[in-house]
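Following this line, the structures themselves.
Here chain A shows up in two complexes: once beside chain B, once beside chain C.
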Partner chain A sequence: MCRMCDSLGGGGTWYLNPKNYSNRMYKLREPGKGPTTQLGNSANAGASENAGSAFARAVEAKANGELETFNGIIAEMNKRALMRPGAQVVPLHEVMDVLDMGMPVAAMMCICRKGTRACEECSLSEYSCMGLGTGMLKWERWPERYRGGVEFLSTKQAKEWVEYWDTKGMMHMLMQEGGDFVGGLCNCDYPDCGPIRQRIDYGLYAQLVKGEYVCFVDWDKCNGCGDCLGRCHYNALKFEATMEKAHIDQFECFGCGLCETACPRDAISYLDRKKIPGLAKVW
Partner chain B sequence: MYPVIAPRIKIDQQRCTTPFACKRCLQICPTAVFSVHETKMVRMEETDKHEPGNYRLVVVYRDKCSACNRCVDACPEGALTVEMPTGGQL
Partner chain C sequence: MTATRERQRVVLPKDYTFDLAEEMVDRIKNEFYPHDTVAELAPKVAGKAPAEARRIAEEHFRDYGRRWMDRSLELGNQYRDRAYETLLAAAAKTGEMAFPFIPERFIEIAYLSTQPIYSLPITENTKNAFGYKMVFCDTIENLREQCGDALADQLPCREGCLAAAERAFTANGFDVEVTQDASIIDGDFCQFSVRRKGA
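Moving on to the complex of A and B:
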């Protein structure tokens, strides 16, 4: 996100700047506001307490066929959330860099999957969410988020654990939840993940910002084996039958890199979104 | 996007009392329309999922419901009804 990199990047990508993992970041808040802005970004996290939220009203309008009302609510939510993104997609190789910087890391259950599919994640092999940074030292303060269970991991364990989820087909995102800090790392899929769903089903752009990259298929290397197919959660990856190759729609691609990590021939690579004129503003 | 009127989903909360333990509708729904939420928390821990009333089933994404009725058939308590509004389409 431009604002994030402009103000926090220190000349580079904001989440690769070690300063953003410091304790100080948790204390920087918008005047008069709490650490997070509640813009219905917890639709999964509790529709009961959220029944009157903008998001619930938007869904109700859409379900009643009132598209004008729906579009109006979504536009208003987007306007308010524009400067305070909820999460950003990050490819696996940069997750590894993030894990070298952000300590401590703690694995915990995924609040989205618990709500949507009633998954009861009780142990490390089931946990798919990760808290990151010094905020985790005070995790007991938010029991409603952590459900009384977290497991602190070493950097090495954390990397293996994220790789495990990548192999399983989960993409990775850094959670900011409206704050200027890195608060967590999620391994997510559609439709269980709240941010993915709010973005691609309802157009809430700030809930999940696209990654810094766009995936590109080198057709000289791609032999059309199809190993990457089915890994994309964003409807960007298809099999182009005419050419017998994998096809990525650059405008749909979020740059999560799940196709890249699945390709046995290194046929998929990352392009820098900011360096492609037509995509530089597609976040 | 063109306007479509989504089905009405009714949950009889008197019958659906332990959705987090049962979870049949949550896991069978092709479009993941439902969500389950805890209603209380004691000392940072959630309460027993088998105790009636500790969890509540809600419809979060009604616009994604296709009225395929898989949840209605799967519910052991007969707590769910899905109805198409008359007309069905604008």
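Moving on to the complex of A and C:
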């Protein structure tokens, strides 16, 4: 799809490459430069600021009915972000593999949900985002971002916590923090999640890239119980009334696997997106 | 959840220091400056046969590496910062994370204090492995200038890096194997890997 696979994957899926979770703990201050004041590395922080500003202009243009301006801004943002997507959808079983790598993981408040609901998550039972890597050791440096605190988790605790959110119907995505470093694991839903909304509502494709897989229903196993219905955030899953079976539109599927983890009959499985000619370039 | 409750739980900024103490960096730099250790080595290898010069240099750097890391461990524990305190607390709470992050801190302190870099590129830090690379190395440059290309091309200074990395982990209770994966003589940088034995 992009350099995430081409250069960061190391021959495989980029987010399963331990190198992409490796990060230093310290940086000496270069002469004449002040302390870091933004999240992520400086290059990414600058890019995010530009993207945020452009997005604000796009929202304003849309609100004013200036469709041509809106489309132009979105097209430019997509072009710029193509080489460095913001996040990718990841199914639960691969989240478990990521957590096995053993970097610092800390549960924390979802900043998207804070924005959409104007409320903060203040304890482990409320947190729905997870920070990854050595950057979390300095979380107190950004008290406004981490209002409500953070809670460091063991690998076992982290897995149980993500499984909990999966059962609650939250899909998982890994956030790239710039510098080719995976810095966050989010448990998200529509319409709270910023990247999902940016992708679905505004057409910012690189803000949330589809997963490596698409889901597939084995109609011989599906008994039409409907447990998977309502789990899909992307309108890819429907109930075929004429067959009384679940059906997935693979062009719409993001490969989050929420339908798979809900199916009591193992009727839903994953297909490798890259191996399906019609979907290999649908990200 | 009420707004009042949230407000009460806001984490307030404190006078925490998250960076390495400049005084500590200066102290280690003054004691283990690559130019000075190579200057100590130069008369020892002058006029020696190549194999003997290499043996002497490797032993010199092994000793240097151990002392360099011992001092980094000592001063690193004396000059604590908030990131380290958070790491210690998180490691105690989770029962994980001590490997590789506690030794990593001291390795970063050692290199950042003595080499012309602002950050140490980390190639891996997972629960069983740690790796880093050195792109701009003053030691090899000084070795080339003060002892000549013939000795520098043998890269005896690798023994210093290997010894220091091993010391950082063993001093923190980890049984590890340290290897060199890439050499600045053959490419653009040296790279070292640390793996837990039995993992």
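We adopt the following convention: the second predicted complex is superposed on the first by the 247 of 283 C-alpha atoms of A that agree within 3 Å, B and C clash if a C-alpha of one lies under 4 Å from a C-alpha of the other, contacts with A are read in each partner's own complex, and residues count from 1 in each chain.
FYI, a residue touches a chain if its C-beta (ideal position, glycine included) is under 8 Å from a C-beta of that chain, and two chains touch if they have at least 3 such contacts.
No experiment lies behind these values; they were computed from the predicted model shown.
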{"item": "Dominant contact partner of chain A by residue count, chain C or chain B", "value": "C"}
{"item": "Contacts of A:19 with chain B and chain C, given as first, second, both or neither", "value": "second"}
{"item": "Chain B versus chain C as contact partner of A:134, first or second or both or neither", "value": "second"}
{"item": "First, second, both or neither for A:164, with chain B first and chain C second", "value": "neither"}
{"item": "Touching partner for A:270 - first (chain B), second (chain C), both, neither", "value": "neither"}
{"item": "Chain B versus chain C as contact partner of A:62, first or second or both or neither", "value": "first"}
{"item": "Touching partner for A:219 - first (chain B), second (chain C), both, neither", "value": "neither"}
{"item": "Overlap of chain C and chain B interfaces on chain A (superposed complexes)", "value": "120, 140, 143, 147-148"}
{"item": "List of chain B residues in touch with chain A within their complex", "value": "1-6, 19-20, 23, 26-27, 31-32, 34-37, 39, 41, 44-46, 49, 56, 58, 60-65, 90"}
{"item": "In the complex, chain C residues that touch chain A", "value": "1, 3, 5-6, 9-14, 16, 18-20, 25, 82-84, 86-87, 89-90, 93-97, 101, 104-105, 108-109, 112, 117-129, 131"}
{"item": "Residue ranges of chain A in contact with chain C within the complex", "value": "18-19, 21-30, 35, 100-104, 106, 119-120, 122, 126, 134, 137-141, 143, 146-149, 152-155, 157"}
{"item": "Residues of chain A defined as touching chain B within the complex", "value": "43-44, 46-48, 56, 59-60, 62-67, 114-118, 120, 140, 143-144, 147-148, 191-192, 197, 201"}
